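In what follows, a structure is listed as structure tokens, so that the remarks can point back to it.
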Amino acid sequence: MGLKSAAEYIESLRDGRETYWDGERIDDITTHPRFATPIAVAASDYDYDNPARRDVISYVDESGKRSHRVFQIPTSEADLAQRVELMHDMSIVGGVTGVMMALLSVKDAVAEVKPEYAANIERIYKYVRDNDLRAAEVITDPKGDRSRRAHEQDDPDLYVRIVGRDDKGITVRGAKLHITAASLVHELVVMPTKGMRQDETDYAVSFSIPVNAPGVKIINRSFAAPDLNTFDYPASAHHSMPEGFVIFDDVFVPWDRVFLAGEVQLAWRLAQSLGLWERVGGLVGSVGTSKLFVGLAQLVSEMQGKEKDANVQNTVAELICYAEMLRMGLDYACRHFEKTASGMVYPNGLAVNSAKYYYAANYHDAVKRLHDLAGGLVLTLPTESDLRSNATGGYMRKYLHTKAGVDVETRMRVYNLIRDLTADAYGGWHLVVALQAGGGLSAQRTMMNRMYDLGGAKAAALAAAGATPKAEAVAAQ
Amino acid sequence: MGLKSAAEYIESLRDGRETYWDGERIDDITTHPRFATPIAVAASDYDYDNPARRDVISYVDESGKRSHRVFQIPTSEADLAQRVELMHDMSIVGGVTGVMMALLSVKDAVAEVKPEYAANIERIYKYVRDNDLRAAEVITDPKGDRSRRAHEQDDPDLYVRIVGRDDKGITVRGAKLHITAASLVHELVVMPTKGMRQDETDYAVSFSIPVNAPGVKIINRSFAAPDLNTFDYPASAHHSMPEGFVIFDDVFVPWDRVFLAGEVQLAWRLAQSLGLWERVGGLVGSVGTSKLFVGLAQLVSEMQGKEKDANVQNTVAELICYAEMLRMGLDYACRHFEKTASGMVYPNGLAVNSAKYYYAANYHDAVKRLHDLAGGLVLTLPTESDLRSNATGGYMRKYLHTKAGVDVETRMRVYNLIRDLTADAYGGWHLVVALQAGGGLSAQRTMMNRMYDLGGAKAAALAAAGATPKAEAVAAQ
Amino acid sequence: MGLKSAAEYIESLRDGRETYWDGERIDDITTHPRFATPIAVAASDYDYDNPARRDVISYVDESGKRSHRVFQIPTSEADLAQRVELMHDMSIVGGVTGVMMALLSVKDAVAEVKPEYAANIERIYKYVRDNDLRAAEVITDPKGDRSRRAHEQDDPDLYVRIVGRDDKGITVRGAKLHITAASLVHELVVMPTKGMRQDETDYAVSFSIPVNAPGVKIINRSFAAPDLNTFDYPASAHHSMPEGFVIFDDVFVPWDRVFLAGEVQLAWRLAQSLGLWERVGGLVGSVGTSKLFVGLAQLVSEMQGKEKDANVQNTVAELICYAEMLRMGLDYACRHFEKTASGMVYPNGLAVNSAKYYYAANYHDAVKRLHDLAGGLVLTLPTESDLRSNATGGYMRKYLHTKAGVDVETRMRVYNLIRDLTADAYGGWHLVVALQAGGGLSAQRTMMNRMYDLGGAKAAALAAAGATPKAEAVAAQ
Amino acid sequence: MGLKSAAEYIESLRDGRETYWDGERIDDITTHPRFATPIAVAASDYDYDNPARRDVISYVDESGKRSHRVFQIPTSEADLAQRVELMHDMSIVGGVTGVMMALLSVKDAVAEVKPEYAANIERIYKYVRDNDLRAAEVITDPKGDRSRRAHEQDDPDLYVRIVGRDDKGITVRGAKLHITAASLVHELVVMPTKGMRQDETDYAVSFSIPVNAPGVKIINRSFAAPDLNTFDYPASAHHSMPEGFVIFDDVFVPWDRVFLAGEVQLAWRLAQSLGLWERVGGLVGSVGTSKLFVGLAQLVSEMQGKEKDANVQNTVAELICYAEMLRMGLDYACRHFEKTASGMVYPNGLAVNSAKYYYAANYHDAVKRLHDLAGGLVLTLPTESDLRSNATGGYMRKYLHTKAGVDVETRMRVYNLIRDLTADAYGGWHLVVALQAGGGLSAQRTMMNRMYDLGGAKAAALAAAGATPKAEAVAAQ
């Protein structure tokens, strides 16, 4: 119990978990080459001995002991600001562990329906925190035919469901998709993928289960090649993380790990709570990425002596506008936070959805602008091996020179970051994740429709139209 | 001295000012039909006796007396918030009087070069405030051939310039374009249109002069017909305001009204200070307009029973996103204000420029979305006269009925507001003003390029690319 | 019978038609000031004596006599090309008379169901052509609550319907909206607004009726002021045309003027045939307008010496791309025409819909680009009266001068055209019409979904995916 | 001489060429794993024995023998149509061999300056054709500091230049970037990267040289992993092709292979001729890709039962519009071809540039739409190995089932194609190539500015503005 070291984290993964890559069972992921980079990435969050990061990544919890800050329950704007700082300095494994915040933010609502479930949330939270564990967000079901509901599918298992109940617990069957880092965490926190109707009782289920629980199987998939180096892959070498296709093959869940088991009225609440925190994560990431885009666009232009070109300046300005709008949206969301009954705060829902939508709807366009400035060398630049080779390195240094003060190696790193981030496998991952994390464009539009004060806007419009007596006296907008 | 009544304001316009419409001199604008609506609009800002507005539109100044709040020098975020509230509840004549804030925000910089000028700014400010006068922003020169500088034009008068100086004052000649409400204010606050070089001394000139000063002539132009009624023109009937083409035909300006007369290093500062406040005005207006768009889109759809249509919901969500991003940008700009040496605060420059640019670059698109939902009836709806007519009113009530609870007259008002605001003469004015107020898209991009911390973004990009030793240890974005 | 002169056309309008403006009955539209410009516009299509236009606007019909070319039934690509040329050189009254082509293009389909109706189409067509009459497209019903069908509305008259039938004809009741030029034509060609279901028999009705038929009443509405001059309003002075709100107050239609009276299976066909020709009209117009945008953008920039500015060149290039894509789409649509059983050809449906959608979806953006280059003077330029005035004209000539070779008056005309076309009442009309003519964006998307060869695209995708024939079964479904 | 077989092509690559991968010299590319897929791709163009392709990929030349159709000089629209069909059915190696067309299209202009060069073009063309060789487009220089011209760079070799001349030939030094398939062809056809000024004589150089000429060295780079299989990589497995960084280390070129050696007035002509054909290639490819996008969007939606969802239909319609506009642009470009003095035809320049720009400027957006419909499974789908594994395959078949008639394997292939084409390494390559092939957005805008009939558009605008002939003088300037 207490903070783990990176070594302890790695050791903890040797727990018999059933995980697969390319169709083969991996007995020990800590020694398998496909997991080398992902484990290093995940382990970087246990860097408590680094004085420069210690206060960013840890805090003193209510019991007086130091815990990872990902577990701090925010109660003020300042807490949210610290969490944002943390999110900029944490791996995606730390990021998904934020699922605990989603759970906690519905605890009060759950308690009203069934206090035992709320107590389970509290207990699991403390267990994960106090043992410095990591947890995955396990939400998306395969869904089969989208025009039919969960219980109408050809196969009743196309949504995770309860197939057995007894006094000790429930048994669940089904699969969940897109489970980032599933093989790298300790707990799978399972949520319903959406609201459920009255006749879908068995599908309204939520719980947390250890990754090595019997019946849990994970098929891994990664965008990344196994052998990323930091010169050619400066971004993905720090972010390579497998996605898990997680199967629950009649998995038993004891009652003290259950958060929902049939109370359909709560299903939507749980689904939404995770959605919000996923979008917060996307928004925080977008602030960092969009700033990088500005920096890269400017660097790649300056290095070629093109920074005074009007097209370059226009394009950089467009990227600045994108970055600033996102940064301001995040600032607003934290300042105008919302609060649960028990005092936990979370970023403003409408603000998060609006800014996340703006991010998603315009991300491909921002990539286009960066590509426009960067040019074809993004694709055709030879690799570090070519640079280090006696046969070819000299030619590269000669012909990639642009002007005094521009180091060829630095120039190559800048192109590599642009390619890795936007025009290679990780770039493709980013494009899809920007859109899909927290639900696609359509889902995000629906959230805005629901959260916006349409009544207020209609009243303002009616007043401006002179449609109420009062309005006659008021200058229309 | 002190607050004026609306009647006193109107009376004050009968001061012999030389103003023209359709080529004819107007002897007394207060009795001329073309000015009836504009004067009523301007007079609405003198509504101090209205208890509902009194605290919004006035404040107690440092001498203990009540003044219009447009003259309050903000020193805190709360002051800026009150100013925003005021801007939502003030005519465009009040809006342009905000030019005093632009002047005051450069007072410290002016004082460093010539303390007398700074004293003039202070004195004119108090004179205008204490007499409850109105002032116009007088900035844009005709500019002639844009590929040449001010002193290189075919006619040296194509930028306002000093043609004489003596111990009593300066004499100026030239013209200024786009001077909103020029004929409706008391003071013309003249600023240089841009930075001036060392050899353009005579063009670096700024001053304030009464509208009725000898040699000042104003040619008026308005988007609006003279006979706007509030049913068919619910927006423009409250916003009709002539634009002035202002001529300075050898106008004498005494030294105590001069803010700049040859000190070229200050020209850009003055031009920019006004630009910022113009953009703030545009941004505040955009927050109101974009909220109206959401309300109108929802209303027009609900009234036809189309609010559950997926296209309607998508489009409303897009408009919500636009409105919310603008609102959040304004919030950020006020929260992260900037401050002059003497303690005056103003909205964050980069934030204002970014959000204003976002507004301008996407305004035509927002109009498109509203037009898409509103349909052709926006254009073809008969008028109030048709509705009130015995011959035609009955048919209109019959055939414009949609469903229970939707009042035909209200429905007509909603269409009229959409047309007036976006698809009629005032709508055209809005489209151009959204882009051009505070400089066109290109000018606004340039401001972002200048204000953004490009160094910081480049450093972040280099770190993420692994281009600095320090960066190797830091996880790239 | 035979070609009319302009005077004969005007005389023909004095036929007792019941038409209203601002709630008042107009006894003789030919002497009413609101109709002066519209009638002049409509009369310009009778300019047969002008040798420069004669061959464009007329042709020799199958009986050997000369008719207006709007009545020529195209049977080849060359005919379509001539029709396009005509459409560029014809008033909007001529344009809507193109409704005869819509009727003719469904004649074969109608004949299969009821030969008498097809004969009526043929007869009315010849009657209109041989008397050189004009006809209006009368299609859009008020529609009431869009979530309900025609016969489910609160008031059964919210869609035009048959309220009586006898051996002489039918009696119809209802109203039609957005009937451009209704008061300026001779025939109202009424079409169903959409497909009708089996239980909506009374709503499946189509016919042609003279404007002065008893019970027909027209409420007029125009975007335009009554007093447009060609200097300040160079576009709208040639396009001002009232829109009619047309009421059918139990209008009797003899059987020989009926095209549909209950055969619900044809309703959608008639509605669509008109939709296609409306979109063709929109597309042809867009080719002209988009070329004007390029010319105006370039002119307004050259006149200020800004044509070498990179932003100007970028923006002009964007407008060129828009104009060229539209021009190419129209060329394709005519080249790859479709043909009815009896040999009439019409532009390719998918091509027209795609290009029209591209036009509509991007028109507001094109306007934005033009506004960005044109600047604020679009709004604030004084009028011709100011220019001609001794008091103000001299100042305008002095201060609107830019450089040698640029005539101030010409410069003013260019600004006026930009304003009139894009930033004034007519500009607003254009914005809405670009979107709504031929159905809004949603309706046009639906047409593309229907017309595109989705099966071919799916097969190509499956082949590229390496899928086996087995898979093609589902794809073809 | 004559058509080669695939085996002969492969054998021909064993000619001692000096080519590198990851810094290491490859002695025989035909046996090296990195080249296995690229060589198979290139060899597919020698598939003359396939009766289904024979007439597409070959033709009977003027000497009566059969040659690859890539060498057919088009002289009619029908020829262009056949070439388009060929381009859809040819590898990228065949595509770049189209450089011969670029050479031939400037032959007449070259002949006017130096007939020997034109004869060289003719001779090399026949040599390549008659030996069924392949050639690469070798154009882009490293360019160093873009604010300086070729001869002003820190290193004079940053643009390829002539470093020696004698009676036998010239000696050249420098490098060329982005040379697709350089290691897979026989001839490197070198062109100047842009126009050259009078003092840049040594940089105005063009020639063709065998890949194995002494001093030619190629550093290869590929987006693709070496082990692409057609299930997981259905697109890139057929398109994997290395890009070459080509070094000319004092390469001797005999006079009979020289097309330009100092005649600076021709440099721009050669550069542009290649640009046009590169853009034609991009446009032809875009027609195919955009149709695939429609098919994939529809398939992925149908397979999930979402094809009736309004968002799906909207998005598919947007993709249809994109695909159709491109297809129509290509049709127009071929129909309205241009012709050289000696009768060779090529697609209309303005049409190609406009449509290519439309493609490039909107490609990222089209990808966004496809990503929006496809969802996260694009990224997280397990691989073929997982499907074929006994341990995991059963779960995949169970949980990826959607509904009757949808085969899981086919569904996986569809997702894989989407990922491979738009969200993986090859997808990134596509994003950049869409923008950059034939020059970036800025270069393409410049071409439109140059090629469009601005004078005609200005005249139309002046006429519409009612301007007098007097005004046309300035407009025509």
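Observations on the model:
Note that the chains take the letters A, B, C and D in the order they are written out, and that residue 1 is the start of every chain.
The working rule: a residue touches a chain if its C-beta (ideal position, glycine included) is under 8 Å from a C-beta of that chain, and two chains touch if they have at least 3 such contacts.
This is a predicted model, so every value here is computed, not measured.
Chain pairs A-B and B-D differ in how many C-beta pairs are in contact, and the one with more is A-B. Matching residue numbers shows that B-D is the pair in B-C, C-D or B-D whose interface repeats A-C, with more than half of the contact pairs in common. Centre to centre, using the average C-alpha position, chain A and chain D are separated by 37 Å. Chain A and chain B have centres, each the mean of its CA atoms, that are 42 Å apart. Measuring from the averaged C-alpha position of chain B to that of chain D gives a distance of 50 Å.
Residues of chain C found to touch two or more other chains are 309, 311, 314, 361, 442. Put simply, chain C touches chain D in their complex at residues 230-231, 234-235, 288, 291-292, 294-296, 298-299, 302-303, 313-314, 316-318, 320-321, 323-325, 328-329, 331-333, 335-336, 350-351, 354-355, 357-358, 361, 405-407, 409-410, 413-414, 416-417, 442, 444-446, 448-449, 452, 454, 456-462, 464-468, 470-471, 473-475, 477.
Taken together, the chain A residues at the contact with chain C in this complex read 309-311, 314.
Note for the complex: chain C touches chain B at residues 20, 22-25, 140, 142-148, 154-155, 157-158, 174-175, 177-178, 217, 219-221, 223, 225, 243-245, 247, 249, 304-306, 308-309, 311, 361, 363-365, 367-368, 371-372, 374-383, 385-389, 391-393, 395-396, 398-404, 419, 422-425, 427-429, 431-433, 435-437, 440-442.
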